[in-house]
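The following pair of complexes shares a single chain, chain A, combined with chain B in the former and chain C in the latter.
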Partner chain A sequence: MGERTTDPPGETRSIIRRLSDSDWFRFIQIAPAVFWIGLFLVLPFLIIISYSFFESAPLIDGFGGAQLTLDNYVEFFTRSIYLSILWDSFVIAVVTTVITLLLVYPAAYYLAFSDVKYKNLFLLLFILPFWMNIVIRTYAWRQVFGDGGLVNYLLGFVGAGPVEVLFTRPVVIIGLVHVFLPFMLLPVYSSLSNIDRSQIESAKNLGANRVEAFMEITLPQSVPGVGAGVMLVFVLSFGAFVVPELLGGAQNSMIANRIASMFLELQSWEVGSAVAVIFTALVLALLYAFNRVIGLEGMYGGDNA
Partner chain B sequence: MSDTANTIVNLENVGKKFGNVTAVNDLSVDIREGEFFSLLGPSGCGKTTTLRMIAGFETATSGAVRIRDREMSGVPPYDRNTGMVFQGYALFPHKTVGENVGFGLKMDGVPKDEREEKVKETLELVDLPGLEDRSPTQLSGGQQQRVALARALAIEPSLLLLDEPLSNLDYKLRRELRFQLKRIQEEVGVTTIYVTHNQKEAMAMSDRILILNDGQREQLGTPKEIYNKPKSRFVADFIGEANLFDGTVTKCQNGTAEVELDMGTGRSLSVPTTDAVEEGRQVTINVRPERVTATDLEGILTGEIVSRTYLGKSTRLLVDVNGTEIEADISSDQIVGLSQDLSIGTTVDLTWKPDACVIVGGLD
Partner chain C sequence: MKPIREVARRIDLPEDTIDRLFRSHLVLLFLFLYAPIAVVVILSFTPKSFPSFPMEGFSLEWYANLLPPDHDERVVNSLITSLQVGVISALGAGVVGTLAALGLVRSQFSSRWLQSDILYTFTLVPIVVPWIVTGIAGLTFFNLLGIQGTTLSLVIGHILICLPFVILIVSTQLYQFDRSVEEAAMNLGASELRTFYEVTLPLIAPGIIAGMFFAFTISFDNFTQTFFWVSAQDPTLPVVIFGMIDYGLEPTVNAIGAIIVTLSALIAAAAERLSSRVLE
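This part shows the complex of A and B:
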């Protein structure tokens, strides 16, 4: 409980205290969140899971011909299109994550360890993408990479082009890096700025040069933050929808776009659900494996101890 | 250059400015091989900055820092062979105690088994045998402090630099570790520069003390010299308690100066002095509270008791003498022998032996 600025009179206080100490009150405190998650996450997902085991989607195609089956899963594993798009999405997510980390680490290091005057302004600039609508931003990117866009316009000046830029994989990756960069920056910056500078000085005092001090002291203590950032960016870009939809087009769509088109365009809810279930299980398995190796603590602001 | 052959650190007119803040100002001092040397002064006087210039973390903006006659500008911290204990210890939380203590040896390329042997030895030296595999975060403050010390000592530095190593600990532990630190230093024999704002610590441990005030050298000497012959009001005040009187010399003969006090009692004090003092000279005199006694006879000064505090071995009186407050520690033994009870508001006669009076700053 937070600190009260003024204490209520004795009688009321004891009632409030008894109330706030009771299990019942604790339940009231977390109930809305539990309800919210139950209603909007667990329930829909249970529906999707059940769809994946039916021949046709009961809530849409009626309960009449609803037959339990594994055909939807068989379809996924026998038609190479699903596996190849899943693999492509995985590759895009990995490349995006690696590029984001390489971009962010030096910047976060600089912000955490130098006494730059406008540190907060820089941090704000990095986080700015959070505040701007992703659809608007991504459409703006099309103006840059499109056929008559800025890139081809500039290429025209030097006598090159026009080349197909939009709807290529690099553009999708560039867009994903841009959109998810803050999710890498914040945890990495936070873990770096938690490192006591005198530890680094101490290492130098004991004979470490700059590189050795970084490898021995700074890098290991930034691992939790890097782990958290890598996980966030990987999961978010693996399941990305808006960016590949707008920048990837048909040739370079990702797994989420595929699932959506199966639901909406192909009206194939059963197979789409099976793909969604497999994708979700895969993500959870990857997270589990990752957690075994790196540890999740950093994600919840755990200290560096 | 250094004037004695066994000088290990030589500061020559060293100054350090941060922007327009002068942290250290024209500081010159020689630190001798093997000594326990304290930098003492109030917070913000430039102690840490001085230590960091010796360690190589700050560069002097003027003057020269030399270690073993070698000018140190441009020499990075890792080439100076100093072992530093930071104020917050700066232990590596992701490494075990053993890895912490062995870190410097690892950087030196000492092979693993040799390293482990040395780590074991050093942990025994600081009374923490067998803690190699613990995490430093599991240790108490006092243990962390000793791990930091062991880490600095393991590289067998030519200089041990300690920045207020005891200030984060509670009183009792501080006293214990003070003796332990001194014992270890004597056992190892390493030249030690000790930064503290605690004059008792400095007094108890040091061979010599440099008192800094506002980035400047105030006095350099052994603890005894500094306590008994403070060179300035600042030093007299900073080192233990002081009763300071300003006055004018009226007569000087046979090793005694008569000093008429400015405080308007018309009183004169006889102050022993080895030097000749010319008449009319302004001086400041110090009488330590523990040298002041109460008497039933006529005292040197007479005043009214404003407050009294029982301190166990003695009672601290604050006595108002014509508007000047004087502190006196009256021992419990003495109180028993007095006819008056020294209650607040009563008048008391104060006296002291002639040699309790010291002219502050000498007469040079």
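This part shows the complex of A and C:
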């Protein structure tokens, strides 16, 4: 901001001007958003935390009659079903993230560095499925893998099949990769396309071949975008609900399905709350650790944020 | 690192082989992305009541199910609910988010208790909290307030989900904003308010509109959190679709899917045209 060259004409105006640039005024602008998130997300989460220490929830006669206990957490750590479903969800999320990254990186690299004719069209085609409802996209996979689905129909031509693949873990992972792929593509592409091409040219002029230039210049500079994409896809697939619900069946449900059924079907909100608290704490801890190692700059869309 | 460098030094494929590899990878990836969507669209024309291959004919029956006079009321009513909630949430998140973005980008809080980057991170919290947790936390709180299952609770929740995206998009726009034009307007005698309406607002309007558009689509598409907040009487479209699927496969869902696919493609194409015209 440059120095003002002319004085403001009136006394009142300069007061307003000072006010509108004051921290106080800025804080009032931010306040509604902070209030909204605090009231409708942080406070409800605190209630969930308190429920997780109650003997039973939801409370019927207010907070007064509540008995505090650690039983819900004891149940989580002693009944193997919770730990095993949490571990399964973690494994599914990691595999999904790795596959997504391996699929997306070469495509993003190609789009960022070669002079493809319809680059914008290709990018648009990658993002387009993002606008299509997640329920419908998951439903689509049932018609690919189910009875009378595309895969079994095609297998019929070569005399093989039918195969029963629906409600298995690989299909859940395929569904997750499909649904969350755009979340990987955008940050990876944006970090790759921000790389200064002249650096790569210089590396090549200094005798590096294509692979060496990639390893020394491109790969390190794409780390922030990869980090952001990996985090988004990991968090989203770790807590996935729709995909395992529709493609996983009873044997391959994930932690979110477990929490949901405790709230909606079993009405045991106190244990459900404990599971939710542990799960959230784990996700936030992983995010924090990841952020310490790689940094989150890529998520805010580049270097100006 | 050394052995990797050794290997890297030796790999040298001819340009056009590499190019061909990349291109086939791209094609396969698009096949993966669009094959299931194509299956949904194709099977929406099935004459059978169970969508499966082979199709054995062609029928528009399932599209007729969506049109008057004999339309499925649940689908149409939920579509109206989704549109209403989407518009109100987009407007709400647009106003609250734009204000927050203005305050966040233009403030420099650096006291011990109030720091701009901590506030900014806080506004992104709804993105990093797992969807399921946002869902059940809302369910619990709305129950305590006695508004669980109302349109009000849906709008409150959807504004919460959309807010971070509006803030991200509008603040990106504000970082590119040259504040000297505001100074110029005020030096020429415009009041604070007039400067805001005639200079600042028009310049950041594309960001606000993009943010609200994004908010609308997020609200319209949202399933996971909404699933916990809606009432059985007045659900949104994605929740109704989920209910239909849970009973089994149904060609009506294929028809809805095909319509959504077509509309998204048209809107995306229009947005692309528009943005490239603005940029040039």
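Keep this in mind: the second predicted complex is superposed on the first by the 272 of 305 C-alpha atoms of A that agree within 3 Å, B and C clash if a C-alpha of one lies under 4 Å from a C-alpha of the other, contacts with A are read in each partner's own complex, and residues count from 1 in each chain.
Definition applied: a contact is a pair of C-beta atoms (placed from the backbone, for glycine too) under 8 Å apart; a residue touches a chain by one contact, two chains touch by 3 or more.
Because the structure is predicted, anything quoted here is derived from the model rather than measured.
When both complexes are overlaid on chain A, chain B and chain C end up sitting side by side without clashing.
When the two structures are aligned on the shared chain, A:Q221 is found in touch with chain B, with no touch to chain C. By the touch criterion defined above, A:I134 lies against chain C but remains apart from chain B after alignment on the C-alpha atoms of chain A. Legend: residue contacts after superposition of the two complexes on their common chain; A:Q199 is shown touching chain B, with no touch to chain C.
In the superposed model, A:V144 lies in contact with chain C only, and not with chain B. Judged by the number of chain A residues each one touches, C leads among chain B and chain C. Taking the Cα centre of chain A as vertex, the centres of chain B and chain C in the superposed model span 80°, given to the nearest 10.
Residue contacts after overlaying the shared chain place A:N209 against chain B and chain C alike. By the touch criterion stated above, A:I85 is placed in contact with neither chain B nor chain C.
Within the superposed three-chain model, A:V271 lies out of touch with both chain B and chain C [touch as defined at top]. Per the superposed model, the minimal spacing between any CA atom of chain B and any CA atom of chain C is 9 Å. Comparing which residues of chain A touch chain B with which touch chain C, the overlap comprises 209, 212, 304-305. The touching residues of chain A, when paired with chain B in their complex, are 196, 198-199, 201-209, 212, 216-217, 220-221, 304-305. By the touch rule above, chain B contacts chain A in their complex via residues 55-57, 76-78, 82-84, 86-88, 90-94, 103-104, 107-108, 135, 137, 151-152, 155. Considering their complex, residues 1-2, 4-6, 8-9, 13, 16-17, 20-21, 23, 26-30, 32-34, 36-37, 40-45, 47-48, 51, 58, 103, 106-107, 109-111, 114, 120-122, 124-129, 131-137, 139-144, 146-150, 152-153, 178, 181, 209-212, 215, 235-236, 238-239, 241-242, 246, 255-256, 259-260, 263-264, 269, 272-273, 276, 279-280, 283-284, 287, 299-301, 304-305 of chain A touch chain C.
On the side of chain C, the complex with chain A involves touching residues 4-5, 8-9, 11-13, 18-19, 22-23, 25-26, 29-30, 32-37, 39-40, 43, 50-54, 96-97, 99-100, 102-104, 106-109, 114, 119, 122-126, 128-141, 143-144, 156-157, 159-160, 163, 167-168, 171-172, 175-176, 179-180, 183, 186-187, 189, 191-192, 217, 221, 223-224, 227-228, 237-238, 241-242, 245, 249, 253-254, 256-257, 260-261, 264-265, 267-269, 272, 276.
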